[in-house]
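Same chain, two partners: subunit A is paired with subunit B first, then with subunit C.
Now for the complex of A and B:
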């Protein structure tokens, strides 16, 4: 099988959400014929196609998540060092006060499969937690979510602190209690309306980093 | 109306009954949009949610005391919602308020933690299954409250929960938790009013001699509200 053919098949298997096929290909044919970086790029390529299909209303969120699961299965066979050194780090978490983390987990999975190095800060994230994650980082993204309006005050606190002390950090927010206007009022650089638009918004705000 | 506290027995639905709602809650526009594989996955999560949850509830009934200046007073608590207050002003002889709390228990939360590591699709459907199941239980509670009100010659409103309309989540939850023994069924709130276990629902149901509308929606100008509910059409506002 040619290298390009191998990559095309992998990409399609992700797009089809066919986890079994991905594992079959990677286990039978091995990763070495094309290299780990290329396998990861092919898996991410499948996710990007699925994301566009979802954004255009061709597939639904469960079908998109099936593709994410297929990606994760394939990526789990790639060495951690390769998987976790892909561009600017993203630290994602649910802000203090909120306990809903399914949305955050979906966004983390989408960003990770779109090629970002994602660190999950968990839920009930405080300013101290964010500080411990980003200290020493010249460039990074902090992604904060909140489903409830009760968490907007702690979110504002974290954003203000980052703005005052960490100029190289970009902040993106999302969740049911937010919209573009609230995000701007809080001082965030970007707002992700949904998991599927998060990579586009991240790309946009990273372009403002010099 | 005498104050009293009771529980509503949970009756488990057949897993198949949950599937259409799980598919829609999970993101399909209609259940028919899902293919067989998706339907099977939703069925699996319906069975799983029923196997791992231990639903419990507590309902405390109070006499209706007073309403004024945009608040309802219940025993020592103040429920601050101008829309609910406005609604009760249209009720004839408001007599009771039932405060309820229901939960699926900690088993659901533990399973969600585990499943998120393995599969995003399963975690989406399990979360949806949890939401559908707790709504099913709260539906049973609503029916029982309605029956109890009816036995005293009262009509019942629909249920209201903090976080909806103009009833602020944090303050509303704290007020409700001061009226019920939440710990007796293992539910806690944090300082922001968020409940754990995560699939827990609290709220109130009003009882009155004559209820013109069961929700404040007919009096509300927010026509695009996603939570707008059917009220009652046999009376004039």
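Now for the complex of A and C:
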């Protein structure tokens, strides 16, 4: 099979949300014929196409989740060293007091496929958890999510602390209870309305990092 | 027309089941109220009733949907609100007395039913109750088939909710309309499985999910009937996943549509009114109306087939009374004047010809000051 055909099949399998097919292809054909970086690029290409289809309302959240599972399944077969260290580290989590992580999981996958090294801090994330992740990092992004308005106070606490102590960290927020104005009031550098806009918003705020 | 039910309710000083009264009579009464509203102030019940039957009242009815935000008034904790029907009634009643409103919707949290189906719960001090997703009831696709119906009489949280209904109906009496609430079967399953896994299961194992919806619906029908028996005249069914925040339209119709219909029919059989609450993005108003034929549609965002508020009024304004849809974010960060401006914008389009009740898109944010709730009340009087 030609390299280009292999890549196209991988991309399509991600776009179809077909986890079984991804694993089947990668195990049968192996990764070495095209190389790990190209496989990762194909998987990422599939997620990017899925993101655009999601933006245009062609696929729904559940279908996007299946695409993400297919992407993750394929990415898990690639060496950690190739998967990670690809770009600015992004630490993403759901703020303390909130456990709704569906949006965060989608954004994490989209940012990972966009070339960032994403660390998922999980749910109910406290200031201490964020501190343990970013201490010593000269440049990084902290992405905070909250669906519930009751988590806005802990979110503000984390943002204020980062602003006072970690000048190289940029903060992006998102979630159902937020909008641009609230993000600005909290002191965040950016606001992502959804997984669709997250990569572009991240690019915008990283341009302010020298 | 069940005159026994009507007189029994009036004798108790509570609102009778509205749909026990013949529709032509209700419409005639609504018209009379509309005329009375031109020359004098209406009561809350008259105002709401008039709007529900698509006649313009003296001013647009309003409900601030305070729900747990009203805890701030008497200092009752979140856990007590969730677990104690009497304390919950104190919260809702004090919210209504302090801030006002023509309609009170008894929305506690979305975990009431799931808790009784065995879901491990957390009851935080500063937030509403939520599932402990590290211990889901449904761990994989086989878990749907293992779900069994529960006895309503042994369902602790649902029983406390029914107590809340009874107390509120008696306390408010004929002074306001008290609405009940039920989370739809798909939503409950997502509490038992986790939303992400539930969504994927709906695509991969729809038959298993559908069977579990059927199991849950039997209990929900009993629960809805019990709310009606407690004197609740109208019940909101929350079908959150019938939206772009949830399932594809056709998938929702296959998985939850028929069961939402069954619950709706059970409520109507009791002579009560049906509302649909959906605070998701791009709610599928068309299919929700098709399956449940509700009297009321409560939304937080424009339906998926409406480009703007004018289209919303034109497409759905005559079929159903719309409740909403002041954005949560505006209530959080907006000044009272900004909130009133948005209320005015919506009232100007939606209130014409009745069929509109001003409200937040979803419950009032629990931990913010009540100032903007008062702003909404003022806006309804000033601009409505």
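The criterion applied here is as follows: the second predicted complex is superposed on the first by the 210 of 210 C-alpha atoms of A that agree within 3 Å, B and C clash if a C-alpha of one lies under 4 Å from a C-alpha of the other, contacts with A are read in each partner's own complex, and residues count from 1 in each chain.
Throughout what follows, a contact is a pair of C-beta atoms (placed from the backbone, for glycine too) under 8 Å apart; a residue touches a chain by one contact, two chains touch by 3 or more.
Since we're looking at a predicted model, the values are computed, not measured.
Clash or fit: what happens to subunit B and subunit C when subunit A is overlaid?
With subunit A aligned, subunit B runs into subunit C, so clash.
Does subunit C touch more residues of subunit A than subunit B does, or is it the other way round?
With both complexes superposed on chain A, more residues of subunit A are touched by C.
Going by the contact rule set out at the top, does A:160 touch subunit B (first), subunit C (second), both, or neither?
neither
Mind working out whether A:61 is in touch with subunit B, subunit C, both or neither, as first, second, both or neither?
In the superposition, A:61 contacts both subunit B and subunit C.
Is A:149 contacted by the first partner subunit B, the second partner subunit C, both or neither?
So A:149 meets both subunit B and subunit C here.
Answer with first, second, both or neither: which of subunit B and subunit C does A:69 touch in the superposed model?
both
For A:109 in the superposed arrangement: first (subunit B), second (subunit C), both or neither?
A:109: touches subunit B, not subunit C.
Touch test for A:100: subunit B only (first), subunit C only (second), both, or neither?
After superposition on chain A, A:100 lies in contact with both partners, subunit B and subunit C.
For subunit A, which residues lie in the overlap of the subunit B contacts and the subunit C contacts?
The answer is residues 60-63, 65-66, 69, 97-102, 105, 148-151 of subunit A.
Would you mind writing out the residues of subunit A in touch with subunit C in their complex?
Contact set of subunit A toward subunit C: 17, 57, 60-63, 65-66, 69, 97-102, 105, 123, 148-153, 176-179, 181-182, 185.
What part of subunit B is in contact with subunit A in the complex they form?
23, 26-29, 33-34, 38, 41, 112, 116, 119-121, 123-125, 127, 163, 168-170, 190-196, 198
Note which residues of subunit C are touching subunit A in the complex, please.
122, 124, 126-128, 130-131, 133, 195-196, 199-200, 202-204, 244-248, 251, 327-329, 332-333, 365-368
Name, in rising order, each residue of subunit A that touches subunit B in their complex.
60-63, 65-66, 68-69, 72, 96-102, 105-106, 109, 148-151
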